[in-house]
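Below are two complexes that have chain A in common, paired first with chain B and then with chain C.
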Partner chain A sequence: MTRVSDRTRLIALLGALCLFLSTVEFMIPKPLPFMRLGLANLPVLVGLSLLTVPEILILVALKVAGQGLVNGTLFSYIFLFSAAGSLASGLVMLLVHRAGGRYFSLVGISILGALSSNLVQLLLSRLMVFGDNVRLIAPPFLAVGTATAVVLGLVAERFLASSEWIVLVRKEL
Partner chain B sequence: MIKEAWRRIPPLYLFLWGLVLMVTYLFQTSLPVRAGETLAYVLLAVLTGRRFRLWPNLTVVAGVTLVHLISPLGRVMFTLGSWQITQGSLELGLFKGLMLVGLIYISRSFISPRLSLPGRAGALMGLTFAYFEALTESRGFFKPREPFQSTDQLLLRIWRDSEVGEGRRERVRYGFRPLWILPPLMAAGQLLLLFYFS
Partner chain C sequence: MKIFRPGDWVALAAALLVVALTAVAAYGGASGEAVLLIESDQGRWLYPLDVDREIFIPGLLGDTVIHIHDHGVDVHDSPCRDKICVNAGTLEHPGDWTACLPNRVFIQITGSGEEEALDDQSF
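And then the complex of A and B:
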């Protein structure tokens, strides 16, 4: 059997962590099904400083496809919303991290990622489900997204600063 | 029994029939037929062992319908104060709400985590699922008092375990069962309903 490279293993483990956190989020009761906490974005935030640009994009693709398979939503609107939102937030977080990483903390990057994801999802809901009435769900949707993004950014910063696993991975890559 | 028999249908076969069913479901324009089909998919998902929760599905349908009721469309059925409840917006809201629920349950029954993709992408997905299994099997690792440390220790343990991903995925023996006939039968039934009611 061919030995899998450490970089591939890292992408796969972060991808698995996305799936695990998305399953955890699935089990948390929410007042409205449209509300998302975005826990699965945490490994992407952590991966920003460990992976290259193509590797981050592969991780986002793994996250989207894996969630569709594990939660069985591949044929549903959830998959389309998740794919569009994840791609938008992944690209924005990458861009901000690479271009302005010195000026933005992970909290800032996380907020910008969440806002871009939420805006793309609101646009899709306007086109597919709610029409112009999407303006009614936009304020709570954006507020929840921003609040959870702040928490996720703080968690990612704390984890990166204290993790022995991250130190080991950085040494081995 | 149905759950076990459904598990023994090859994931690719289910995936392809799921695609056919999704398309014929989306083309249906009759509200009563769509409601019936949605109910059938929920029932199938429950019979094949998928979890069903009433409340989230009800809130999806009610939420979408409520938002549609804001814009009047068609005949006024009744009024609530100055709010006109119209038949067109009620039907459109219900139609879209049911569609969202139906697609979720088509997916739940016809998409399997064992669906394997070819090539390097498939290999990477396989490794990801192996790590996912390792994470889900590690019950009791998470300590609420030490959330960062306990998660970190688990990741360290899985990272150091070089055996993860090598032949640990569950093997299922697929064989022809009478249940294989159900997806094509459903597709044929849905197609007939499409011709008669759309």
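And then the complex of A and C:
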């Protein structure tokens, strides 16, 4: 097995994990429209320290495609929200991780990623759908996003610290 | 195992600050008598809450059916898959809102203090 193919397989595995977690998230009932847990961000958080920048962007694209498939929004305007939010959060998380990795754990990175994704989606829905009413949606949307981001960041940190699979992957890459 | 680093607290503080600012912007100045404001891509409607009625709002997919009764607002039916707005329960207070995203219908109870809201109630 060559190096290249190992890396490709890792991206594919993390992408598949995004698809699976999107499915799990889809099954969890939401009390309000717009509420998300962001479970599918977990593989992206884990991938930050394993993959290169282009590889992370591929992973984000896989995540967006997976969510679109699972939610059935792949060919609707809602897909645009998802894609823009994921791209923004992916870029911010990459930037913070690469530039300020010493000062941030995955918890902080996850919070900033969720914040940027949610702000972009709020901005889009303000421009495209709901106009000024978005200000009513914003506070609970952002608060829930922050809370779940903290939990996801903690889970990702614990996973990276204790997973034997990660040790194996790091050795092979 | 120590997880948190200094930047995490900065990130958390920044996120909470954004939540606080948006909360003040959203719920700060609600006053006046409560009215029901409905918006879809077909237009805008205002209804008083003291008259019980059934309203059909045309949206992207079809009619969203809204009931006003006992000063509260229920989404009775909407042509979407998830029925999140139908299951959301009764809206009663200014600031309460719900939405049918697939049908692009936004429903909220708002103060009628702003003249702007009254001026463009009909299309």
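Before moving on, here are some points about what is shown:
We take it that the second predicted complex is superposed on the first by the 167 of 173 C-alpha atoms of A that agree within 3 Å, B and C clash if a C-alpha of one lies under 4 Å from a C-alpha of the other, contacts with A are read in each partner's own complex, and residues count from 1 in each chain.
Everything that follows uses one rule, which is that a contact is a pair of C-beta atoms (placed from the backbone, for glycine too) under 8 Å apart; a residue touches a chain by one contact, two chains touch by 3 or more.
Every value quoted in this text rests on a predicted model; they were computed, and no experiment measured them.
Looking at the shared chain after the overlay, A:Val64 reaches neither chain B nor chain C.
By the touch criterion defined above, A:Phe159 reaches chain B but does not reach chain C. In the superposition on chain A, A:Leu39 makes contact with neither chain B nor chain C.
Of the two partner chains, chain C is the only one touched by A:Pro139; chain B is not. In the superposed model, A:Leu74 lies in contact with chain B only, and not with chain C. When the shared chain is aligned, chain C comes close enough to touch A:Leu115, but chain B does not.
When the shared chain is aligned, chain C comes close enough to touch A:Phe104, but chain B does not.
Touch criterion met: A:Leu13 reaches chain B, while chain C stays clear of it. Touch criterion met: A:Gly131 reaches chain B and chain C at once. Touching of chain A by both chain B and chain C, each in its own complex, is seen for residues 30, 32-34, 72, 76, 78, 129-131, 133, 136-137, 158. Taken together, the chain A residues at the contact with chain B in this complex read 1, 4, 8-9, 11-13, 15-17, 19-20, 23, 30, 32-34, 58, 62, 65-66, 68-70, 72-79, 129-133, 136-137, 158-159, 162-165, 168-169. Partner chain A is touched in their complex by these residues of chain C: 1, 3-12, 14-16, 18-19, 22-23, 25-27, 39, 81, 84-85, 88, 95, 97-102, 104, 106, 108. The touching residues of chain A, when paired with chain C in their complex, are 30, 32-34, 72, 76, 78, 96, 100, 102-105, 107-109, 111-112, 114-115, 119, 129-131, 133, 135-139, 142-143, 146, 149-150, 153-154, 157-158, 161. Interface of chain B with chain A (complex): residues 18-19, 22, 50, 56, 59-60, 63-64, 67-68, 70-71, 96, 100, 103-104, 106-113, 115, 124-125, 127-132, 134-136, 148-149, 151-153, 155-156, 158-159, 165-166.
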